[in-house]
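Look at the two complexes coming up: chain A is in both, with chain B in one and chain C in the other.
And now, the complex of A and B:
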């Protein structure tokens, strides 16, 4: 596979082609070559675009656009056939007039929102995009491209009240436009689902309906936009943890693992085995805590709060595990470049805490299965609703549990192992139908898988201590250099809701990241709502939305 | 002697209803406070999906520019007397997002809060303790801070 991809890319005018972990990395000389190359790559099996990430090199007067194309290959496990991805780079002029490139959305629909984001924040125009518009950013940033290095946001902040009024004006204009285009005749109307809907969280779906049937859905995002990618550029490498962990508090440790590994790679450091297994335990605990909310809110959005309360009860025990280790329940900051933040002076006491949490889950699980998972009402409602096929998974790059519910064999923990996962035994957890009910079942299965992984990791740590190879009160952290060399790294991890990809760029003697692109799964899942909801009735929105496990925190960043 | 209006204040303080509005990550700890372990319904707090019946609105952590009009509009729809509880560091000065170009740093200048709950995010116990403090204020019949002033009156929403 690798040779084949290299051969295809080699036919074009490239500066270099090299191997980088699971990627084939290449830089194109001409931006006109991009479209034909991507067409050929799609034929060869690289069908999904993970993200589009521009980097602004202001000193060299160029914007470098990175395309991360992934070969998901959902029918085969990576043990049978290596999954090789492609990382393409193209240079563009920094000048706003010429900052233009062909859009790959018509070929790979999964690039849609990522291109809009790149356009809104960096001003890279995508020729041929089906609907190029400002996205994610609030009205006051339209046309200002806030992520460019020469944008002065302090100056911009001075006119706060005018900025807010401009945002309100946008809503009013939109409202008037709908009044004009749709009118009051007939049964067509626009409904706004969110941001104050109890089930929605801060997102707004503009739902165009005819009677009760949905005709079109336009998600409007950016209600919790914190510009984290821009924020980390003003923090040092350790301080950036504070921003990175706030992608989403539901699964807190995993984004930190991703970021830390990216930094460690540039620094050229290898962490201790003890820290690796600690990362597994913390990451899986975070995953379980997140899954328990996902499970509960699946029923919560359908109108049954009881299950949510049950899940919150179990979740508290897993949060106790995190609190016992780090002192904080959900904002743990427990993983940093170089290992994990705190030593573990009394490992057995902490393992007992984990044991308590696992026992609690195992005690509640039979009841959950009997009352909720086999619930005939839920089955009737959710079975065969909102089905995703394997083609959808590749076309729109669905990730994590949503993809695995359709039977896709995608899991970064197996495809490109990180932390301690390479030494642990695990297999793909999948369901078959890919409907809303399976997207609930997969979550329950994954909690069991995570518990298995935690148990294995604890065993490994116990063995290590017995043999004298690990010292929990010393091995947690290795010394990291204060300044990093120039370089860039790409890391992927399996987060609770899918794959997170981080692209970190540093400059020489850097004390803070030059650019950190964070790709999160909820962006693609929200994009999918546009295709999923039309044709369904209004009452299906909470159910299908709840089944996609979307978190606005990672949707907006 | 107990005046009749005092009695209303007393009654109001025993069961404050809270509007269901989340703008940031602290709403996760609010969820935990609703949950079985902390269970704020013991103290009489209930979430209500509509602002028309609510007494309290939470500023749950960060408020981005885009959601501010929605927050103010929800606040405007509540009947008097209405109280504001600010949770988390972000509601005070932007907290960890103080350098961010899209988060509002002076939220309580815009919508003054009656009670601050510190922390990032505050623990559920702290949220319940903050609400208990607000209860005392309601009982005394003091006017809410946001009715006294604030930049929100100059804004369009």
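And now, the complex of A and C:
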């Protein structure tokens, strides 16, 4: 596979082709080559675009656009089969007029929102994009491209009142436009599902309906846009974790693992085995905490709050585990470059806490299965609703539980193991139908898988302590250099809702990241709503939306 | 009927005061039971076991500003919340509440008791539809349309089920239906009672049929624009309707205030509370249905079953009771 991809890329005019972990990394000389190359790559099996990430090198007067193309291979047959991805780079002129490149959205629809985001924040124009518009950023940033290095946030904040007026004007204009185009005759109307809707969270879906039937959906995002990618550039390498962990409060430790590993790679450091297993335990605890909320809110979307309350009850125990270790329940900041933040002076006491949480889940589980998972009304609502096929998974890069519910064998923990996962036994957990109900079942299965992983990691740590290889009160952190060399790294982790990819760029003697691109799964899942919802009724919006486990925190960043 | 007793009926029992107390009770009861099933505590601080919380809540709502939206029809918008509780409270005069009043008969003891009950309960949804219509809000309007669709379909099985005791005993007088009922007739009427309770969930917009005010979909349905006093009045009407419909169920199917050892209002109250408990338990364990699924369920299962139930009642009347 790797050789084949290299051969295809080698036919074009490239500066270099090299191997990088599971990626084939190449830099194109001509931006015109991009489209034909991507067409060929798609034929060869690299069908999904993970993200499009521009980097602004202001000193060299260029913008480098990175394309992360992934070979998801959802029908992977044997464990040995490698999934080789492609990482392409193209240089563009920094000048706004010439900062243009062909859009790959017509070939790979999964690039759609990522290209819009790159356009809105960096001003890279994508020729041939089906609907190139400003996205994610609010009206006052239109045409200013806030992630470029020469954008001054402080200067921008000075005109606060005008900025707010610009945002409200946009709504009024839109309202008047709808009055004109749709009017009051007939059964067609626009409903705003969000941002202050009981079930939506801070996102707005413009739902064009005919009576109860949905005709078109336009997501409007950016209500919790905190510019995290830009924020980390103003912090040092340790301080950046507090920005990274705030991607979404529900699964807190995992994004920090991703970021820390990217930093460690540039620094050229290897962390201790003890820290690796600690990362597994913390990461899986975070995953369970997140899944418990996802499960509960799945029923919440259908007006049943009991399950959510029961899940929150169990979740408290898993948050206790995080609190015991780090002192915080939600924003733990417990993983940092170099290992994990705190030593573990009394491992057995902490393991007992984990045991308590696991026992609580196992006690509640039979009741949950009987009352909720087999509920006939839920089955009636969710079965065979909103089905995703394997083609959809590849086409739109659905990730994590949503992909696995369709039977796709995708899991970064196995495909490209990080932290301590390489030494643990695990297999793909999948469901078959890919409907909304399976997206609930897969989550329950994954909680059990996570518990299994936690138990294995605890065993490994116990063994290590027994043999004297691990010292829990010393091994947690290795010394990291204060300044990092120039370099870049890409890391992927399996987050609770799917794959997170972080692309970190540093410059020489760096004390803070030069650029950190965070790719999150909810972007693709929200993109999918446009194709999924039309034809369904209004009642299906919350159900299907909830079944994708979308979190606005990681959607907007 | 003297003026004194008339005023007593209107303002104390089974009129205003009783209905208010019932509203406080059922509000508190539903919250506390639901909290128990949710593994929460529920109302806790005001009064013993939080029992005064709902009283405070209702008086707080009354002090809030009652907003009329600019785009709404002000007359329609404000008059419906006054009419609705009155219509909802009217059926109380048809129901025999206690042996102490009027020799145990209803205040308005008529040969057409079942019919009157069915008509007065049936008028209510159209008023609620008008609240949605008068609000001139997309969500309210959709809620109003949904309530209309739901009522038109749910009323058919509801009325057919309510007719079954009348058919069995050959009278529409609620007092006589109640007096004639025995353990055997209650057993014969059980299928009818089950259909009645299912259809009742639809009429009262309780889960799994809380489609008209599905907050995850259309915010709060026809309630969306209401606040303050108007909202309180609408909620009062809703709780009154719950009382009326479940008291009607008890009188029609389960022997009203008649009980073991002695006849009393408290037997009726206990039976009504049990029905309220069933409503809360269903609410705590079942998600909401979709509108089209509800329609399909109603017309292809519930209504045919209600008709079959009438056949069974006639069979039972002829061969089991030997009429």
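Everything that follows uses one rule, which is that the second predicted complex is superposed on the first by the 554 of 557 C-alpha atoms of A that agree within 3 Å, B and C clash if a C-alpha of one lies under 4 Å from a C-alpha of the other, contacts with A are read in each partner's own complex, and residues count from 1 in each chain.
Everything below uses one rule, namely that a residue touches a chain if its C-beta (ideal position, glycine included) is under 8 Å from a C-beta of that chain, and two chains touch if they have at least 3 such contacts.
Computed from a predicted model, the values in this text were never measured in an experiment.
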Original post:
Which holds for A:553: it touches chain B only (first), chain C only (second), both, or neither?
Top reply: first
Original post:
Looking at the overlay, what does A:540 touch: chain B (first), chain C (second), both, or neither?
Top reply: second
**OP:** Using the touch definition from the top, say if A:507 reaches chain B (first), chain C (second), both or neither.
**Re:** neither
Subject >> Which superposed partner A:471 touches (first chain B, second chain C, both, neither) >> reply: neither
Original post:
Touching A:304, do we find chain B (first), chain C (second), both, or neither?
Top reply: second
**OP:** Examine A:198 and indicate which partner it touches, taking first as chain B and second as chain C; both and neither are also allowed.
**Re:** both
Original post:
Touching A:375 in the superposition: chain B (first), chain C (second), both, neither?
Top reply: second
Subject >> Of chain C and chain B, partner touching more chain A residues >> reply: B
Original post:
Taking the superposition as given, does A:433 touch the first partner, chain B, the second, chain C, both, or neither?
Top reply: neither
**OP:** Examine A:531 and indicate which partner it touches, taking first as chain B and second as chain C; both and neither are also allowed.
**Re:** neither
Original post:
Which parts of chain A are in contact with chain B and also with chain C?
Top reply: 198, 309-310, 313
**OP:** Using the touch rule from the top, collect the residues of chain B that touch chain A in their complex.
**Re:** 20-25, 27-29, 31-32, 34-37, 47, 49, 51, 62, 64-70, 74, 96-97, 99-106, 120-121, 123, 151, 154-157
Subject >> chain B-facing residues of chain A, complex >> reply: 137-141, 146, 153, 156-157, 160-161, 163-165, 167-169, 171, 195-196, 198, 201-202, 222-228, 230-231, 234-235, 242-243, 246, 248-250, 293, 309-310, 312-313, 315-316, 319, 329-331, 553, 556
Original post:
So in the complex, which bits of chain C are touching chain A?
Top reply: 37-40, 138-139, 142, 207-208, 210-211, 214-220, 284-293
Original post:
Taking the complex as given, what residues does chain A use to touch chain C?
Top reply: 189, 191, 197-199, 212, 299-306, 309-310, 313, 371-372, 375, 377-378, 380-381, 537-542
